[in-house]
Amino acid sequence: MSEMQDIIIQSAEKIFKRHTTKELVDELEEGKFDEKTWKLLVDNGLTTIGVPESLGGVGGDLQDAFQVIKLSGKYTLPVPLAETILANLMLSRIEVQVDTTLRSIHFNESDGLNLESDKEQFLMNGQLNNVTWGRFLEELIVVTKYNHKDYVVKVSPQQSKIEKRQNLAGEPMDDLEFRNVQINPENITEINRESFIKNLMDLGGVTKVSQMCGASEEILNLCLFLTNERKQFGRPLNRLQIIQQYLATLAGDTVNITTNFDYVVDALEKHQMTYEVANSKIITNTAIRRIAETAHQIHGAVGVTHEHKLHQLTRRLWSWREEFGNEQFWTQLFAEKLMDEPNELSLWKKINNQKEELVNT
Amino acid sequence: MSEMQDIIIQSAEKIFKRHTTKELVDELEEGKFDEKTWKLLVDNGLTTIGVPESLGGVGGDLQDAFQVIKLSGKYTLPVPLAETILANLMLSRIEVQVDTTLRSIHFNESDGLNLESDKEQFLMNGQLNNVTWGRFLEELIVVTKYNHKDYVVKVSPQQSKIEKRQNLAGEPMDDLEFRNVQINPENITEINRESFIKNLMDLGGVTKVSQMCGASEEILNLCLFLTNERKQFGRPLNRLQIIQQYLATLAGDTVNITTNFDYVVDALEKHQMTYEVANSKIITNTAIRRIAETAHQIHGAVGVTHEHKLHQLTRRLWSWREEFGNEQFWTQLFAEKLMDEPNELSLWKKINNQKEELVNT
Amino acid sequence: MLASLKLPKATLSKEHNEFRLEVRSFLEEEIKKGSFHPSVDSWMGGYSIEFSRKLGEKGWIGMTLPKEYGGQERTSIERYVLIEELLAYGAPVAAHWFADRQTGPLLLKYGTESQKNRFLPKISKGECFFSIGLSEPNAGSDLASLKTRATKVEGGWLLNGSKIWSSGAHLSHYMLTLCRTEEQKENNKHAGLSQLIVDLSAEGVSIRPIKYLSGENHFNEVFFEDAFIPEDHLVGEEGNGWVQSMQELAFERSGPERILSTYPLIEEVYQDLLTNNDFEGMKKLVPIISELISLRQMSLSVAQLLEDGEDVNIAAAIVKDMGTRFEKNVAEEIRLIVNQKPSQFSSNQIARLISESILHSPGFTLRGGTTEILRGIIAKGMNK
Amino acid sequence: MLASLKLPKATLSKEHNEFRLEVRSFLEEEIKKGSFHPSVDSWMGGYSIEFSRKLGEKGWIGMTLPKEYGGQERTSIERYVLIEELLAYGAPVAAHWFADRQTGPLLLKYGTESQKNRFLPKISKGECFFSIGLSEPNAGSDLASLKTRATKVEGGWLLNGSKIWSSGAHLSHYMLTLCRTEEQKENNKHAGLSQLIVDLSAEGVSIRPIKYLSGENHFNEVFFEDAFIPEDHLVGEEGNGWVQSMQELAFERSGPERILSTYPLIEEVYQDLLTNNDFEGMKKLVPIISELISLRQMSLSVAQLLEDGEDVNIAAAIVKDMGTRFEKNVAEEIRLIVNQKPSQFSSNQIARLISESILHSPGFTLRGGTTEILRGIIAKGMNK
């Protein structure tokens, strides 16, 4: 954890709190991009957090970055701060300079992208589906092949044909079609595909976990507030036994995923990763279903109105759990890891990191 | 439904009620067989119910048989009435005469039985695992091959080497080893294996569903009684909101499986079977987990003592759900059926029996 | 087991099955013609005046009503079959839903001859839509503490107050409104309530739509400011409104709309699994299909109980509790079977149906009696 | 988020890991020697005087106690690691369990010098077993309404009454007994209670075993008829028994024994899936392993909070609620992964462990505070 973390977090929260109103989030759903908030984030260096200054970032470590992303989830920021931070973190991993561009990174195993050369330029063709924030991005980072090698390519979604779709939260999730889009060679970087994708899924998975943890904490706050304020038959709701049972399970799920979040970020930071991200995304995704359901049941009819804040959080939870691998994806990966490792180790030893290198560090 | 059903049910219930005490059930667990009750059941013709008189039974239809079996579950009969009725029903399907023998039928896909001929006799060799009631049976019905043909064989467990095991309810579930056991040719009947096994799994599955429904009804009774009688902080338990929620879900699960039971028996009776048994065993097995858990949670510490009646029911539920196919077995079968049938029919049409023969009957 | 928990096994006759096929071919024809696209929760969100008219022409609205009032005198089991088919195919039935399900039977039972002649034929033709005015702002689940007040004046009442969560009021002609016609009494909160038919286009009546979380518009708040209600718009007995309303609610708890709201998604996924020959996926779909089948059996049994004139209070609450939880589970289980990101306005039908199902889910276990209230009814009912 | 819901991330040091390996090789050695077979819920059902003695020799009972009283002065995090290993390997630790977990720390905090000198070294050697006497017949969850009464006499008290659900009392030397030393007061049910050490072999003390549903014997009812308790068997302050007892309970809610009771089954199934190269089965085991990992993180975090001297009331209740539900789920999920019928006394290890797990399950969410009580504590705690 960087020493600056407390200060960074506090100043980020101050900005988010002051500038993210329910109305601004509503406006996103109506198709407006909140330029003002975005500029503020850029001006405060929040979009390049976690990237070393030598690569154009403001510095800080992964802890800092994910804590800011968690807060962005809590305040349901109507701009793609999490996406841009993630894209910048990934660029910095391959030593590419970052800047203040509004960018995101997109990867889908079934992407049908194609890069061809055309004299000094390259041409990109193909279709990308479900690109979050697509229509508003200045730059999209994609992974593709050229001449049997793997590359990361920066491309502008504005040069594609955009079919506007949206996710469950009303955030843009567009289909982009690229037809002979020219790519400048300087926007192409060769990569080791396997390690890049693994890295991306790990950081992407934890990005989503961060956002979901932030939103879940805020949901718990809303539920505690409501059940304390609102009365039924003359007593505050939280005096009802059944409401208490709901609040307790809601708190349990929330504490579970947020505690786990701290452990997974620590493991990422220390590069001591085996199954941690899989585990984190699985338990967080699984908890989301109960958290959203319980919160709505507690809130009753008021909570399903568009006027209420609750759905801005629950709809995001339902959307975010689908990104960077759902439960099935990570379960598959985790199971493979469990099958792969040497059979002579018991499960207990495996989940207690009984490997020489770990015991000796 | 036979016209005699009401009378049969009433007289059966009278016998069960009078003769099945908690103590007798305890004694079974201590290894004693309740000869007296068994004789009473035989004398009252209950062991051959559902088998036509022409084949040695007392008559009645499948409805009658399964209603009696359901009651035997409710009263946790410490004798294998359900098993003997089922064995007799299966014998009657292949036109074999039944009698008052204490018998059961055992089938397991992995059974390693072997029949050889030895002059006029046959010799049986092999191992059968998890034979319910094994040590107490006069006769066991098994399925085996001889000379590329399939046979049903009557054999006496008393001629096998018996390893005494038990199921979760403390009922016998023994491992039997047969070594050169002589089989009289009149105890061998050729069968069409595929249809016999299908029949056996269907009738066996519904037998278990019947018992589980009976026991679940009794559990609900115990819970209603307890929560009405017992007080906490001066009020009957059933005035507590959380207890009400438990009672309601318990009632829901119980009504669901018992209602479904009536539908599946009707379909069996009318030979209008497609997915009905699979469906019934799946939903009943699934409900059992919740029913047993909720009943114990309602009963608290008192309910986990051996002195209390509750565990005689819940432990049987946990045992019975494993017999004649668990959820995985029937799910596999149901899924196969859903994949097999013609694709042009929608699911909706399939589950509404939109097939010419059914619409026209 | 308690008598109230014993449900009869209902058998659909050959005639019922033939009627089912008749409805089904009509619906398949309509889909082919493009008159609607199957959608989930179509009894809440599927609004089509044209489609309602067509059903009216077929005699499939108010079909249990006497012929003299425009009905078909068919049984409630036949109506049950009809509703199942409409919902399974995701047909747009929201417009006439409440008039068909509640107002028609209510008017038949309590209405005056002139009310029956005036409203029932139009309801049956799909030309007269009703909304229900029960809940009020800030009243929560405590329905008995209603504040909306009808003051007697020459020839009728002046109505003041407001109603909330009225589905479809912005698209309906009338609202069946429960209101206070006498002062509230300390010792009997249920006394002094009456049911009035409010013309939603009348002076003094205004409607404020309440957007649902997905941005759609189903609910409304309806305000009354000295709205004049003519004398002959009183339904049933003055002061008997509470009893009449509660009967209305209990009768409609266990219908197919408490089980099938998300069925169109199941069907689509089933077809998808078949097409892809995905056996592992099919195994995961089996528990859903199993639950669906047994819930429909229970629901049909309750319909039979109703037809037999028995008390269905507990049984209906059980079906609604379990059925609505099932409706909610459907999308949650299916999202782990198919590889489709929920996406609104997607070109992929499954991605769209999952979206609709998840967004509509929170309402399933709230509308028409929350899970917690239903369970209270069940538990208390068993202890009587 | 509320401060009480923020748990610190605890880090196990290299030394902790080395200690873990030390415990582990000891246990593997013992299993190899056949001194025990791994079983589920071994802190309740695994009774072995020899094994307790061995742990005592290693210094692994009462290990956080000061050296002058026979302890090792190790941290509670080290004890945490020890307990995890013991339970994961299903070692028989029931005999000394309560003496190690509760009585030792209690006596250290509240005991007289002479009590500490007399009991603590023996506890640490695994030679002195304690049982806990809290609940009474017919009292339900209302612990404050205790009736067992100690009447002052020359040199001590005469004890009358009875205690119920005392695990292991039939095998223990002493019982730490909460009883009334003053008349019950209307306005403060918690006043006038004291903790006495009762010698279970003394005259006037009798023990009636209560068979568990599986036929095993864990619980007892303990009767006192004019049993003489010497003065110096009072623990702490006379009249302060309620506060002392509640501290004891809260401190021990979130330990590994609320998560790992059924772990030996998970391990066995994991090995089985590996051996059979069953990938589909492994995928079904993943959610269980995931939940296990995150629950252990939470539990460790609470141990850290305790070590830091913070209030753990809510956090510990959360861990116990979730952990014990997890313990219960294990067998239910696993029975659908492996193809083994639960069978008691089976030669198949999985069949036996599933049996034990299912039969012990009902107790998990009852003992040490029921699910419902814990959730009440959590909800009320958050609203303070």
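Note that the chains are named A, B, C and D in the order they appear, and that numbering of residues resets to 1 at the start of each chain.
Just so we're on the same page, contacts are C-beta pairs under 8 Å (C-beta built on N, C-alpha and C of every residue); 3 or more make two chains touch, one makes a residue touch a chain.
Since the model is a prediction, treat every value here as computed from it, not as a measurement.
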{"item": "Intersection of the contact lists for chain A and chain C", "value": "B"}
{"item": "Which of B-D and A-D has more C-beta pairs touching across its chains", "value": "A-D"}
{"item": "Averaged-CA centre spacing for the pair chain D and chain A, given as whole angstrom", "value": "40"}
{"item": "Rounded Å distance between chain C and chain D, as computed from the means of their C-alpha atoms", "value": "52"}
{"item": "For chain B, residues contacting two or more additional chains", "value": "241-242, 245, 327"}
{"item": "Chain C residues counted as touching two or more neighbouring chains", "value": "372"}
{"item": "Chain contact topology (line, ring, star, complete or other)", "value": "other"}
{"item": "Which pairs of chains touch, using the document's own definition", "value": "A-B, A-C, A-D, B-C, B-D"}
{"item": "Residues of chain C that touch chain B when the two form their complex", "value": "1-2, 5-7, 9, 11, 14, 17-18, 20-21, 24, 88-89, 263, 266-267, 270-271, 274-275, 277, 279, 282-283, 285-287, 289-295, 297-298, 301, 314-315, 317-318, 321-322, 372, 374-376, 378-380, 382-383"}
{"item": "Chain B-facing residues of chain D, complex", "value": "135, 140-142, 164-165, 210-215, 219, 328, 332, 335-336, 339, 341-347, 355, 358-359, 361-363, 365-366, 370-372"}
{"item": "Interface residues, chain A side, partner chain C - complex", "value": "29, 130, 163-168, 170, 173, 230, 232-233, 242, 289, 292-293, 296-297, 300-301, 303-308, 310-311, 314-315, 318-319, 322-323, 326-328"}
{"item": "Of all residues in chain B, those that touch chain C in their complex", "value": "217, 220-221, 224, 228, 238, 241, 243-245, 247-249, 251-252, 254-260, 262-263, 266, 275, 278-280, 282-283, 286, 327, 331-332, 334-336, 338-339, 343, 346-349, 351-354, 358-361"}
{"item": "Chain A partner contacts - residues on chain B that touch it in the complex", "value": "240-242, 245"}
